[in-house]
Structure formats: structure tokens, C-alpha cells
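Alright, structures below, take your time with them.
The two complexes that follow have subunit A in common; it is paired with subunit B in the first and with subunit C in the second.
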Partner chain A sequence: MVTAPARAEGATPPARRRRRRPPLAPYLFVAPFLLIFLGFGLYPMAFALQLSFTNWRGAGALEWIGLDNYIYLLTSEDFWGSLANSGVLWLLVIPGQVIVALAIAVALVKARLRNLFIAALVAPFVTPLVAMAQVWIVLFDRDFGAVNLGLRDLGLPAIGWLTDPALAKPTLALLVLWRTTGYAVILLLAGLQSIPSQVYEAARLDGAGAWTQFWRITLPLVMRTVSFYVVIGTLTVFQLFAEPYVVTDGGPFNSTRTAGLYLYDHITNSDLGLGSANSFLLVVMVFALSLASVRILRSREDG
Partner chain B sequence: MSTPPKPPARHQLGVVGRYALLVATAALSLAPLAWMLLSAFKPGAEIITDPFRFRVSTMTLDNFRAMLETVPLEIGFRNTAIVVLGKGLLTMLFCPLAGYAFAKYEFPGKRLLFGTVLITLMLPTLVLLVPLLLEMSELGWVNSFPALILPGAIDAFGVFWMRQIVASIPDELLDAGRMDGCGDLRLFRSIVLPVIRPGLAALAVLTFINIYNDFVWPVVVATDPEYQTLQVMLSSLSQTITANQLGADWASVWGQLLAASTVAAVPVFVIFVLLQRHLIKGVMAGSLKG
Partner chain C sequence: MTNDYRLTRRSLLRGAGAAALASGFASVVGCAPSNSGSPQPLGTPSFTAPPSGEITIWDRSGDLYRVFDKAIASFTAKYPQVKVNHVAIDINATLPNTLITGADVPDGAFYDDALIPGIAPHLYDLSQLIEPYRNDIAPYKLGVATVEGRVVAVPWDLDPGLLFYREDMLQTAGVDPAGITTYDALIDAATKVKAAFPDSKPIHLEANEFLSQLWLDMFVSQQGAAMVDAEGRLTLDSPAYRNALTFLHSVNQQGLGTVAKYLEPTDVATLDNGTQAFVPWAQWFVFAPQQLLTETKGKWRATFLPAWRSGGARSGVMGGASFVIPAKARNPQLAWLLYEYLTFHPDGYRTVYGPNDVYPGGINTSVPSYLPALQSEALFEPVAELGGQDLWEVATNAAREVPGGYRIPIWWGRAVDYLGVNLQRMFAGQLTPEEVIATSAEQIQENLIDRP
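Showing the complex of A and B:
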């Protein structure tokens, strides 16, 4: 069923590739990728799907418990709490970031010293995440952190950036924003550069000002790239692990226990059946969220 | 005399605003990095009393010395180097090869196989965490280099991207090679590889940075310090320091933390500064996925 179209394509005249021998080479070339995918992708996924219906804890026989893991999670405050934490982080990071990154990208298109600005913006993205997480701890410490010492010099009171449950998420979001905005800018810049200049020329002849051009041309045409970034950003935020793991370890009062960290808890507790179920629930939700945001953005593209 | 249209005041304001935005965001991007770098050379006490003053006269390597005495950073570097080499070589060898097959051959099952590449692209890495860890413990691979290297080697994005690049090679070039009696592998080596070299360079830089900075999988599968990568070691650094240095005060721990973070960031910065163009191209190629 799948092979038929491939053959039909190969038989069309424009691709005049003579097939003198059975095509063994392409299979050999693809084989290493396929082996890795089967061995370390498909097989463990299938195993995990099976495990998610058991209460396996890392040893002994598999005991089938039906949907219990899923029901447990879907009725568990911890599970929804971790999702809510990730959701709040998403709200704190993605919408604002997209707007700021778009503004920076638009400013970059015609800027001098463009490569220098790009280098500065991307530097956080290549810096080891763990290193920066450590720096965040030192910067935002309540008693000795540089940020609070700076505030004190201005006569302001100390703020519990990482110890106040209401502030820990924003402080963490700041780290995510700092690290990933440069990446968003580059993607959006690539999107902006793919808009043909003739479109702008035509608009200018019609007397469109800078703002009109932005609203009527730039924004609709860059929406594709925006929705692509939103999907990537959603995946990033809902898989957030290293930042909360190193900076807050989920605290204070579980306020930064993200979906990723909660999943990791199952591993440290050896609740592997439960962990597998959690993985699958997470994928479904992340996919749904990505699809929903693309839908919303794409509908604006048409308008 | 043709006069250019007078630049309206609003336009001038726009230019100023544009550069103000760029300068401000560039500064915000670099500030934490600069602070880390400069503070690492300050005496610990100064970091917590005077975090924003940097004096040449009190600059010191004490933080680096104290950190290296108790933290086996060289083991972390060694392990990361092994993983970067192993995983990196697999990626650099087999991504272009698979990309070549998908771009320039017609063969039964091609669509299905390429479909798996696309699916793997969209699979969140976090889902595989538990199942992969189980597989590793079945294989007896927990705390081993195969576990750190093999899963995730030959990444789907690399295959997808290399396919795009190889597809731009004209068929005539390959046909000519075939006429000269080149075999499939020979064609790849002497025609495809040289042509796609710029793309390969970008893939190499991106791959290096990704593997070097990777954290989630190593922290799960390498619990034994003997197999911990640099990033994993870095993540538990303050515990290591306080456990090994009795009576070390916070200021000193922080100084060492910043020193270690700086050391860990140096290889990426060197690569970044030298090969920035390739990297940007690589990240931009990511937008082709959309």
C-alpha cells in the first residue's frame, strides 16, 4: 500500500534514472538510522505502552492493572498540579516572547552590524544550560544574590525570587526567556527574509505606510514561522526539566514542579508503570496544545 | 537635482527605537554571561558583598584552584569528550548517508521509512525517558558509554536536513559519475560529500553544541560519578563542594560554582565564536521543518 506510489513515481519519465540492479544501496544507507530508531525508539515505546497498564516497579512479573495508572493520574492533584505549573510557565514565556522576538527580528532585517547583534542574542542559547542554571541560583539568592544586593543599594527591600512560591515561576521563566529568545529571533528572521521584496514595493506604490505594511504584509506572511516557533516553544516548555531540576528542585512548595520534573519523580520512586502512563498522557496533551495553538494562529493567517 | 523624499520625523524616531531595542536586548543577553565570567575571578567574599564591582587588583584564580582540588572535573570532561566523539561521529556519518538515500533513490518502502523520520522528529524526548531507561537496565547498560551514546545518535532532524541539502545536487552530476563507473558509495564519497560540505559544517556545529549541553538523558542514565558527563557533574556541584570541603562558606562555594560554570562554557564559546556563521545557518535551517 505504501510502496505503490513510490514505484509509480520512479516510473515517471522526468526521473530518468536507469535501474540496472536491484536497489540495495539505499536500504544499506538508511539501515543505521532505522536500526537506532527501531532499537531505541519504537521498541521502548511499545514496551512502555504495555508497562503503562501494569503496576511494575522495576522488578518481578508484569501485573496487568488495566487503566488504573491513567485513572490514578487523571484524578491526581499532583499530576494536574504539575501540568498547571507548566501551563503557567508557558503563559509567562511564549506569548510575550513571540511578540518581543518578532519586534527584534523586524528591527534586525535592515540593521547595521546585524551579525554582531545576532551573535549576542544567540550566545545564551548555546551556553550550557546547567551552567546558567547555577548562575541563576547565585544571581537570585534572597540573602546574598547580586540582584537583591543591587535592589538594596537602590533602597528597595529584598525579594524572595526563588523562595516565594509566587515568584519562583517568573524567575524560572526569566531563565527560559533569556535562553531561548535568541533562537526565536533567528527563526523569525529567516521567515521575514523569505518574504519577497516585490510585495513591499507594490505596497509602497499603493501608498502603504510602514505600519500598514507590517500589519497587512509582514504579519500575515510570517504567521507560518510564528506558529512553527510556538510549536517548538510549547514542546520546550512542557518538557522543561534541567532548569527546575537545578535551580529550584521543584520548590518552593512544589510551585516549580513542572510536568517534566513530576515524570522524573516516578523514575526516582521506581514507579515505572505509572511513569510510562504519565509519559503518554503528556505526549497527548503536548500534541493537543501544539495543534490548538497552530489552529488559532493559522486562522489569523487567512484573515 | 533629485531630492530624496524627506525623512519624516517619525521615521527617524523609528530608527532610533529600532537600535535602542537591539542594543538593549543584546546587552541583556550578554549581561549574565559577562557577570559569570568576571565574578569567577573574584574572591568569594567579594561576590556576595560587592557583586557589581570588578577590580583588576583583586582578580584571582583561587576559585578555579579550590574547585579543581575537590571536583573531578577532568572526569566530566573526559566523559563528555567520549560521548561527543561517539555520538557525533555516528551523526555525521549516517545522517548524510540516509539523507542521500532519501533524496536521490527510488526504492520500495521509501515513503514509509521517511515517514518514520518525520514521526521521530515530532516525538518529545521526554516520553522516551522511562522506556529507554528500562531498556538500558535490561541490557545492563545503565552507567555505560553505549547508553550515553547510542540512543539518540543519528537524529531525525539531521537526516531530514541532509536530505534537503542533497536534493539540491543536480541529478546530472550523479549521472555523470555513474557513467564513469562510480559505485553508490563512491558517488557519495566523491560527489555528494564535497558538494554538501557547508551543510555538513553547520550540522557538525549544531550537533556538537547539542551533545555537549545535553542533560536530561545523561542525568537519568549516568548516576555513577565515573560515567557522569560534565553537565551532570555541574548540576550537583554545590553538594559535591560542601561534602568535600568541610566548613566551606557560601561565598567560597559560589565562587567555585561560577568558576566551574565558566570552565564548562569555554568550549562552546570557542566553537561559537569561531563557527558562528555555520551555527546560525543550522538554526535557520530548522525553520525549514515548518
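Showing the complex of A and C:
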């Protein structure tokens, strides 16, 4: 028989002794993260917030100008123009991409050679972006692009894919779709695979067909993953920089100057106060857009 | 009793709040930049003979880096106790951020003139060091290197505007290049060329927004003007811009122009297949027949730009670069010693411009801004790809034609979003010259000048 050891007379109860000990260990465990977060996360953010109320250009003392940067941006055609460009790209990319990626993911769930298809889909995502952007230029050049050479062979006129303001955004959106759809498929595939097979078995026993299963089981249960991808996709589109920078440099006539490219213009011209204000406005707007998207998708899920 | 060690939500929030407060406080109190907004003067070096130490110098990658590498070797042969770390880098993309962060700042860098005003607060004021050479530097170049009365760069090269033309096409069309003395005469010549070669659109019209603004500045500087006057007031609404834009619009409207981005595939193809016959451009266009064109190599020639009025200046400025010494350089005086050697010492500029392993005939894409070098014997050889033409003579004489008065405002690069874009809209038929002037002036005034 095991008995509890006798407590020494007058000794402090162990529980109380532990309670008195300063709870140092948890803080030590989180300290490395906190220090890194403070140094490289919170501090730069706080400094950027401070900069957004100044007209600092990287040298000299900070001069407080209040809300002038924010007022300037919120009344600037350039700022809203860049947001509109990003908004149109979002419309061209995200809704269609989610539908196509979901269809591909559903087709791949039980497909043979699934890994081969996945590898093919992911290849554009892991290929260096600048190299792919250069390929896009070669494909869509008005005079020497492969696409227009094909059109010419068919007796059709050349099209200014990257030089016509009406076509430059769709051409750029095509590049974004080509690059990121594989990632969307993988994410949605993971979401589909997490749905328990018993649910489908029960539905089949109840006489549900393939379409009913998709509409009543697959879609509601994958909606959380879709919401997650929409948020990620929204962030990607509104931060889009390298593609328009390399392929069109924001042209023609600023028609592909995205929010990310407009922000870069401030930074590269040492206009750091305005750039910081632009960053914070973008954060607020992208957060609101992501929240709205998730709300809409969640309402579908709940319904 | 593991609960005793649990980090409660309240304590976590308290800790995070304190951290945020500390961080915010530090950002407000401790992070105010300490360097002043005005360039600091760099005094005359006082070396313990011989000069010694180590410097890091940035140059553009490519052939230019290799040429400067040779010149630096000649410098270190003269000053063996100076070690130069010569780095090839994308300077335009890297230097502005490096100057702001202050990390790994080079002791000196090669930098585009058009962009220097934007980084001027981060540079040494070299006025005192330049003073002995002031009268020997091309006046407009000294003006470009001067920001708010301080010389912030060592003026390096001159890039005079020239008229490149296809000699064979002009001969066939019966055009005497010596007769193209005004822009009206250029339109007449282009009309004759088009009559002889119906598929041609003889005059190059630049489609790149940045380069087209630089190009427009060449036409304007040729008239002794710039985007701003001496008081910094916007001068787009002026005869100089009106003349240049009206000429370009006229060329485009009459079907006499090929709108193409400089040396991109369409441009190279139309330069090589007889579509283009005239390219009014800076001296550095000579790179094309030397390196890119195949069918027309040897058929191009260079002459002065036409004048805007009879007897007017026959060249303008387009581009150029200088050497800058950052205020956070560790060895600014050694960097100055190097740049003084390269720019003002015959052994220095001859090593850069003269024949070398990289360019057997010497670098011929620009000429020095240092007048004694400009007036010396030819630094580079006649150009075989221009039919053996003596480009040195043409370029140095053109450089002397460039009027003073050219200025680069601090926001020049950002003006491309307005003036550069509107110029392209004009080529696309969306704007008239007057609309380009009015729209660009309003946009630049509102977004770049009046902004807080």
C-alpha cells in the first residue's frame, strides 16, 4: 500500500510554495517570440504609423503634418485609381478562380494520377515570378508575341494585349490566374479530403445523387476553406506588385498600376510619410474587404 | 497544480499592452532620425601620405562595371594602400533604401542625374571640393549636379542629343542630311523618305513613359528650358514644351513616326527593317548599331539635332550620370580621391573612355563633362558601325551646343505618372499638345508641388 509521505512539521505546503514562486517559466518560453515580434513586428508598425503623420523623406527631422497624408490620399484620383485597378483585377481573378479551382479539386479527389496533376498545377506557383512575367511579355507582345503570331496565321489582326488599356488588365489577370490557381486547388483539395466519407455514405443510403451530394454536403463543408482562400487571394491581389512591375510597369496609361505598385512608387521616391499612410489605408480596406467576403461566404455556409 | 503556471489571458494582455506601449513610446521618442535634411559639406582631404584605407564603390552591372573595374585598377596602382571593393549592383533600385536605412552604405556610387535630387539630403555637399574645377565643368552638367545651391555629385558624363539617321535611305530619297538644320526640315526630310519607302514611318517616337519624358526634356533643354524655372515654378505651359509637343504630335498625325519602346523587340526590328530612318536621341543610341542591329549595322550615321529656330542650339541633354558620396559613407574622402582621379585626372578619364579589353575602340556612348577632357584629343576611336564616322568630333561639338538652364526638380521621376503618361496618350490620339500641357501641369501642381 502506498501512503502519502508525512509532511514535516511546520513545512510550507508544496502547493502554496509553488504559488509563491514567481511564474517566470512561461514568460521565458514566450520571450523569444515576444522580443522578435516587438523588434520586427510591432516596433516597425508603430514607427510606420508615426511616419504616416509626417512628410519624412528619409532624412532630417520628422515634421508632424497631422492627417494631411490621409486627406491627400482619400481625395486623390491616383489612389482611388490604383484601388479601382486592383478591384477590377480582384473581380477578374478571385470569383472565377474559386469556381474553377473547386471544380478541379472535386475532379481530383478520386482521380488516378492525382499527384501528377497536382505537380503540374503547382509548377507555375513555384516557378520564379520574374521569369514567368518575362514569358508573358514574349507571349503577348503585340508585334512578336506567340499569341498574335497565331492570330496572324488565322488571318486575324494583331491585338495589343499589353498596350491596350482595356486588355492589359485581363492579360495580367490571366498571369495571376495561371500562377496561383494551383495553390487554390491544393488548398481546396485538402478541404475536400477532410470531409468524412461517412457523410457521403449516409447520403448515398438516403438516395442522394452526385449533384445533391455536392450541393448539400461538399459545398457547405468546404466553405470554410473557400473563405480562407478568398482572404488569401484578396491579400494577394491587393498586394500585387511584381507582375505589373515587370510586365507592364503600371501602363498603359496607369491602367495596371495596382495598389501595391502605387505604394511602391511612394517608397521608391523616398516619400515615406505618404507611403506609410497609404499602407495603413490599404490594411484597413483589405481587412474590410476580406471580412465582407468571409461574412458573405459564412452566411451561405450557415444557410 | 499546473494552473499556477498558466499564463492568464489578463496577464498576457497586460504584457502585450505594456510591450505595445513601450514600442510605441520608443518609436515616438527614440526613433526620430538624427541626420539633418541638408547635405553636409565634405572638406578638403587631409591624408597622411600616402592615402590608405578601404572603400566600397557601387557601379551598374554589365560592361560599364568592367570598364570602371579597369579604371579602379589604375587608381589603386597609383594609390596602392587604398583597397577598393568594387560592387556591381542595381543601383537605382537599391541605393535610395540603403541611404534611408543606413545599413551597408557604399562610400560612393554611380547614379542617374535625373534621380539625384531625390536623394540629395543623403549626400555630401561637395561644393568646396568641386570649386577648383568649377570653371572646367560643362555649365549645364554642373547645374544638374547642384541641388539647392550645393553641388551634391561629381559631374561625370555628358549625353548630348544627336540625330541618328540611315545614310543609305536618305541617299535613295535624295535627302542631304546637312540640310536638316531645323525641325521643319526634318519633317520635310521624313516626308521624302516616306515617299521613297512607302512602308516606312521614318521618325522614332518613344513609347516608354519614363524615357519619353527624358526624351521630351532633351527637346526642351535644347531651347534653354526645363520643367521648372530658377525659382522652382512649373514651366510646362511655355513655348519650349509647346514647340516640342506640337512637333511630335505633327510627326505622329502625318504618319511619319514609329511609336516603339527604346530597343525593345519592336524597336530593334523596325530599326533594322527600314521602317525607321531618323532617331533623335542621346549619344548612347550608338549602342544599338554596335550591339543589337544586324541588317543595318554600318548604315547609320550621327549628326547634330535640328534647331528649333534657324541658328538655334543644335543639341539638348538627355540623361547622364554622376558620382555621389553618401553622407553615411565611412571613407568619404577616399571616395572623393577616386572620383577626382576618374573625372579630372587624364590617366583616370583616359582609362575609362579609351580603348580597353571590354571596348577595343573605347567607350563611345557619352563624352566627359570635364571640359579639358572634352577639348583633348579623341578619347575613343571612330565607330566602324557608323561607317567609320568620327563620333567623338560630332558628340563633343554637340555637347558644346547644349544651352545652360536645365534643371531637374526633386519630383522629376514621379512626374512620369503625369507628363510621361499624357505624352503617350497624345501618341494614342487621346490628347492634343495643349491638353498634354494643361492636364500635366494641373496634375503635377496638385500632386507633386502643392502636396503637403
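Points to keep in mind about this one:
By definition in this document, the second predicted complex is superposed on the first by the 267 of 303 C-alpha atoms of A that agree within 3 Å, B and C clash if a C-alpha of one lies under 4 Å from a C-alpha of the other, contacts with A are read in each partner's own complex, and residues count from 1 in each chain.
The definition used in the following text is that a residue touches a chain if its C-beta (ideal position, glycine included) is under 8 Å from a C-beta of that chain, and two chains touch if they have at least 3 such contacts.
From a predicted model like this one, the values you see are computed outputs, not experimental measurements.
Three-chain overlay on subunit A, with subunit B and subunit C in a clash. Look at A:Phe53: by the touch rule set out above, it reaches neither subunit B nor subunit C. Of the two partner chains placed around the shared chain by superposition, subunit B is the only one that A:Leu139 touches, whereas subunit C remains out of contact.
When the shared chain is aligned, subunit B comes close enough to touch A:Val122, but subunit C does not.
In the overlay built on the shared chain, the residue A:Val30 is in contact with subunit B and with subunit C. When the two complexes are overlaid on their common chain A, residue A:Asn69 makes contact with subunit C while staying clear of subunit B. More residues of subunit A are touched by B (comparison of subunit B with subunit C).
Of the two partner chains placed around the shared chain by superposition, subunit B and subunit C are both touched by A:Leu272.
By the touch criterion defined above, A:Tyr43 lies against subunit B and subunit C together after alignment on the C-alpha atoms of chain A.
Using the contact criterion defined above for the overlaid structures, shared-chain residue A:Trp90 touches neither subunit B nor subunit C, since it reaches no partner. After superposing the two complexes on chain A, the stretch of subunit B that clashes with subunit C is 135-143, out of 9-17, 45-53, 135-143 or 189-197.
The residues of subunit A shared by its contacts with subunit B and with subunit C are 15, 23, 25-27, 30, 34, 43, 47, 58, 144, 267, 272. On subunit A, the positions that touch subunit B within their shared complex are 2-3, 5-7, 9-10, 15, 17, 23, 25-27, 29-30, 32-34, 36-37, 39-41, 43-45, 47-48, 51, 58, 100, 103-104, 107-108, 111, 115-135, 137-139, 144-146, 149-150, 178, 181-183, 186-187, 189-191, 210, 224-225, 227-228, 235, 238-239, 241-242, 245-246, 260, 263-264, 266-267, 272, 275-276, 278-280, 282-283, 286. Across the complex, subunit A is touched by residues 11, 14, 18-19, 21-22, 25-30, 32-33, 35-36, 39, 47-49, 51-52, 90, 93-95, 97-98, 100-102, 105-113, 115-117, 120, 123-135, 137, 150-154, 156, 159, 171, 175, 184-185, 188, 209, 212-213, 215-216, 219-220, 230-232, 234-235, 237-238, 250-251, 254, 257-258, 260-262, 264-265, 268-269, 271-272, 276-277, 279-280, 283-284, 286-287, 289-290 of subunit B. Across the interface of their complex, subunit A is touched by residues 1, 4-7, 15, 19-20, 22-24, 26-28, 31-33, 35-38, 93, 96-97, 99-100, 118-119, 121-122, 209, 265-266, 269, 411, 413-414, 417, 421, 424-425, 428, 447, 451-452 of subunit C.
Across the complex, subunit C is touched by residues 15, 18-19, 23, 25-27, 30, 34, 38, 42-43, 46-47, 49-50, 55-62, 65, 68-69, 72, 76, 78, 141-144, 249, 251-254, 257, 265, 267-272, 274 of subunit A.
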